[in-house]
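Shared between the two complexes below is chain A, which pairs with chain B and chain C, respectively.
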Partner chain A sequence: MLSIDAIGKRFGEVTALDGCSFNVERGRMLGFLGPNGAGKTTTMRAIFGLVELDTGAVLWDGRPIGPVERLRFGYMPEERGLYPRMRVREQLAYLGRLHGLNARDADAAASEWLTRLGLADRADAKVVELSHGNQQRAQLAAALVHTPELLVLDEPFAGLDPVAVRTLAQVLRDEAARGVAVLFSSHQLDLVEEICEEVAIIDRGRIVAEGNLDALRRASERRRIALRLDGAPPGWEPEIRGADVVERTNGDLRLLVDRDVDPQAVLAAAERTAPVIGFSYGPPSLAELFLELVER
Partner chain B sequence: MSGRRALTLVATREIRERLRSKAFIASTLLILALLAVSAVIGRLFDPQRTFDYAVTAPAPPGLAVALQRAAEPFDEAKVKLHTVDSAQAGRRLLEDDKVDALLLVSNDRLVFRKNVDAQVAAAADAAVRAVRNKLPPEPELTTSTLHPPDDEPGDAAVLVAYAGSLLLFMSLAFYGQWVISGVVEEKNNRVVEVILSAVRPRDLLAGKVIGIGTLGLAQLVLVVGFAVGLLVTGVFDVPASLGADVALVVPWFVLGFALYAVAYAVAGALASNQQNAETAAQPVTYALLTVYFASYIVLAANAEGTLATVLTVFPLTAPLVLPARSALVGVPLWQHALAIVLVLAAIYALVRFAGRVYALGLLHGGSGLGLRAALRIAREN
Partner chain C sequence: MAITSEFRHGTIRSTFLVTPRRSRVIAAKVVASLLMGIVFGLVAISISFGVGYAILTGRGIDFALDTGHVVLLVVGTVFMTALWAAMGVGIGAVVRNQVFAVIGVIVWALLVDDLIRALLPDVGRFTPVGASDSVTAGFADYLLAPALGALLLAAYALVVVAAGATLVARRDVT
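The block that comes next holds the complex of A and B.
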């Protein structure tokens, strides 16, 4: 299990991490969310010793992480990087060997991942000759080639087309099913909602929510109400104390209300205004929860 | 993984990737070709020598023919025999530089003005043997000079000294540039984050320097070996004894490279993301240039002065000055030893410092890390 234990880091006047703590268990996939500059990348780099922490510690199975442990981790940094003029397969094999594989296993693993990620026909191309999407796949393969026990991926979905997103999501699910602890950051909250059961949300260097996504949503003090009226007067909204209009497009109205607001009363008020053709009530979406938690 | 295994992997990758670059192979072939061409041109334009001997009358019969035959192996040198009435007259000719040597056959002596010319002496010796029907090994003639030999190094020694230090300077700068561009490339395209997640910074640094250094050494050994071969086989008109001075370039490349490559690597690590390798390399390259020209000026002014001695053992200048000075005037053993000890100490200190600053610099993106800031952080941690 990966334990981020009350880590703190200052860069000059800026506090990047302020007692950030959370865990990722083996076989689990954790979506790591937070606004830009909240401390996601610093946290991930700290796992690999790329940031010297001021306070706190990063632990693997309860023990401090050293160079030996890191060989069993896979990392995809925020800013992608491979040797541009090195051939893809050789580069993957090289990285595999740096992580302790012997030459034959490294070659085999490199070929296997290239096939699995649909890059087999580009195996002998130089990285610089690959398209942006294929470079992303090569970068992912670089994190996976040595069969790590912990995968740390910084914005792995950024810039991918929908097909590649689906492939990557499947790979991450498979890795988690194999028993790997998977930690990835993302701004694509709908995607995270779809593939993750657990999330940690960081804001200003502190974790503001952590745990099972459904439980977090249900625990929210807010509820979402979506209404579709057939010909409501422009600007109409039900009079509810503390309600926030999240979205308003031709007749569609999305509200966040306090948890104790009676949805039946809202529906009744709407029906008095115009015919209701759509109505839903439930816990806030991940995106709504996120905005609620990191509201400035 | 053990540090040594990681270091070996890093070094092997450097060598393999760079051996594939056509630039490396082309530059090696080009240097060899230039060397061969300069040897051929040197021979083409080498004027035929004439050995001028003065000999007291009467000259032994057959001496002229024997001298001519003995001189032939020396690039088919011609022989001119001046018969003089007395040894006194011969000495006068020698003083006036009209002849190369005075042959006093009855005394078994060969007299030069200041410096003994090995070729002139060898030809005379062989000729006298031939006339007397004697075979080697004992030297037939005793050589002497009218004046004490001066210490001016020969043209060949000067050539070896300056070509050697130029070769060293260029090799250090060239391979240093490879080191820094490798470091800057890794830093700028962020592959260094992936590498450093598995490899300790000092192993990455050492692997890179050793890998590129090995390549540079291989190229230099090839060039120097070729040059020594040309010397020994006599293609270059240079005494073969200078071969040792040429070969001295090789170990001093290793020591000099270890020193300057680590400095280049640190400069690369401290560079900002926007800086390219050339600008980041400037401080080290300028230092190297200064060292090169300072050595040149000091050696040209007085290769035996105190300043030259100091530069021979000072770590930054030793790699360029020591081989050159050795060819020019010779370097005492204690200075060799002291220079090696001091440069090794400097390498050790620099590597220790670099190991700390390298990681800080590499992982510090954006505006780059100034040397002072890096030092401060290194001290704090």
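The block that comes next holds the complex of A and C.
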């Protein structure tokens, strides 16, 4: 299990991490969320010893992480780092060997990942000759080629087309199913909601929510109401305390209401205005929860 | 470029992940650069000697350098290119930005150092380029003795590499 234990880091006057703590268990996939500059990348770099922490510790199975453990981890940094003039397959095999594979296993693993990530036909191309999306796939393969126990991916979905997103999401699910602890950051909250059971949300260097996503949504002080009205007057909104319209498109309204607001009261107010042809009530989405937590 | 290209392409992260002792990375790059510098120096001196000798012979001019000067020129050039290559690693480790590092060295060597040596000759013979000249150009009043120049150049390389290694060890990798 990866344990981020009360880590703190300052860059001059800026506090990047302020007692940040969370865990990622083997076989689990945790979405690491936060606004820009919240401390996600610094946390990930700290796992690999690339930034020196002022306080706290990063542990693997309860022990401090050293060079030997790090060789068993896979890391996909936000700013990619591959040798531009080296051929893709050769580079992956080389990185595999640096992580302890023998030459034959490294070659086999490189070929396997290139095939799995749809890069087999570009295996002998130089990295610099690949498109942005394919470079990203190659970088992902570099993180996976040595069969890591922990996978840390910084914005792995950024800039990928929908097909590549689906492939990557499946790879992450498969890796978690294999027993790998998977930690990844993303701003694509719909996607995170779809593939993750657990999230950690960081804001200004502190974890503001962590745990099972459904439990976090249910624990929210807000509830989501979706209304579809047939011919509601423009600008209509229920005059109920604690109910806010957050989105309005044609006859569809999305409201966030305080948890103690009676949904029947909202429904009754809507029915007095226009025929209601759709109504749903439930916990907020991850995106709504995220905004609720980081805008506080 | 032995190290600035790593910063430029982000491969420095992989390098430090598989070799967390950063001083070891710098030491390896210094050794590799010293060897590259030696090869570069040998190639450069071979070409310049060959071309120069051919031109002189073609024009019927006697080759005036004695054996001592030739040995100094060959050994001094190889020594100088090797140490400048090592210094490049140190400078790159300090500056990190490839463009700034390369331009900075060129501006120093071709402008600042030249100005110092032209305007303040007593100081100028102690500059890196002044020390380099002394190990290649030989015995001249305005230069240090070759052995002293070699020691000074080695000291410059040592200081720059040590500064680079220290900063690389202390800095966070972004």
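We adopt the following convention: the second predicted complex is superposed on the first by the 295 of 296 C-alpha atoms of A that agree within 3 Å, B and C clash if a C-alpha of one lies under 4 Å from a C-alpha of the other, contacts with A are read in each partner's own complex, and residues count from 1 in each chain.
Please note the rule applied: contacts are C-beta pairs under 8 Å (C-beta built on N, C-alpha and C of every residue); 3 or more make two chains touch, one makes a residue touch a chain.
Here the structure is a predicted model, which is why all the values come from computation and not from measurement.
Chain B and chain C, once both complexes are superposed via chain A, clash. Contacts of A:22 after superposition: neither chain B nor chain C is touched.
In the superposed model, A:184 makes contact with neither chain B nor chain C. By the touch criterion stated above, A:95 is placed in contact with chain B and with chain C alike. Working note: chain B versus chain C after chain A overlay, options 20-28, 74-82, 92-100 or 254-262, clashing stretch identified as 254-262.
Looking at chain A, you'll find residues 45, 48-52, 67, 70-71, 75, 77, 79-84, 95, 98-99, 142 touch chain B in one structure and chain C in the other. On the chain A side of its complex with chain B, the touching residues are 45, 48-52, 67-68, 70-71, 73, 75, 77, 79-86, 94-95, 97-100, 142-143.
Listing the residues of chain B that touch chain A in their complex gives 1, 6, 9-10, 13, 17, 185-186, 189-200, 363, 381.
For chain C in complex with chain A, the touching residues are 9-14, 16-18, 20, 172-174.
Contact residues on chain A toward chain C in their complex (touch as defined above): 45, 48-52, 67, 70-71, 75, 77, 79-84, 95, 98-99, 142.
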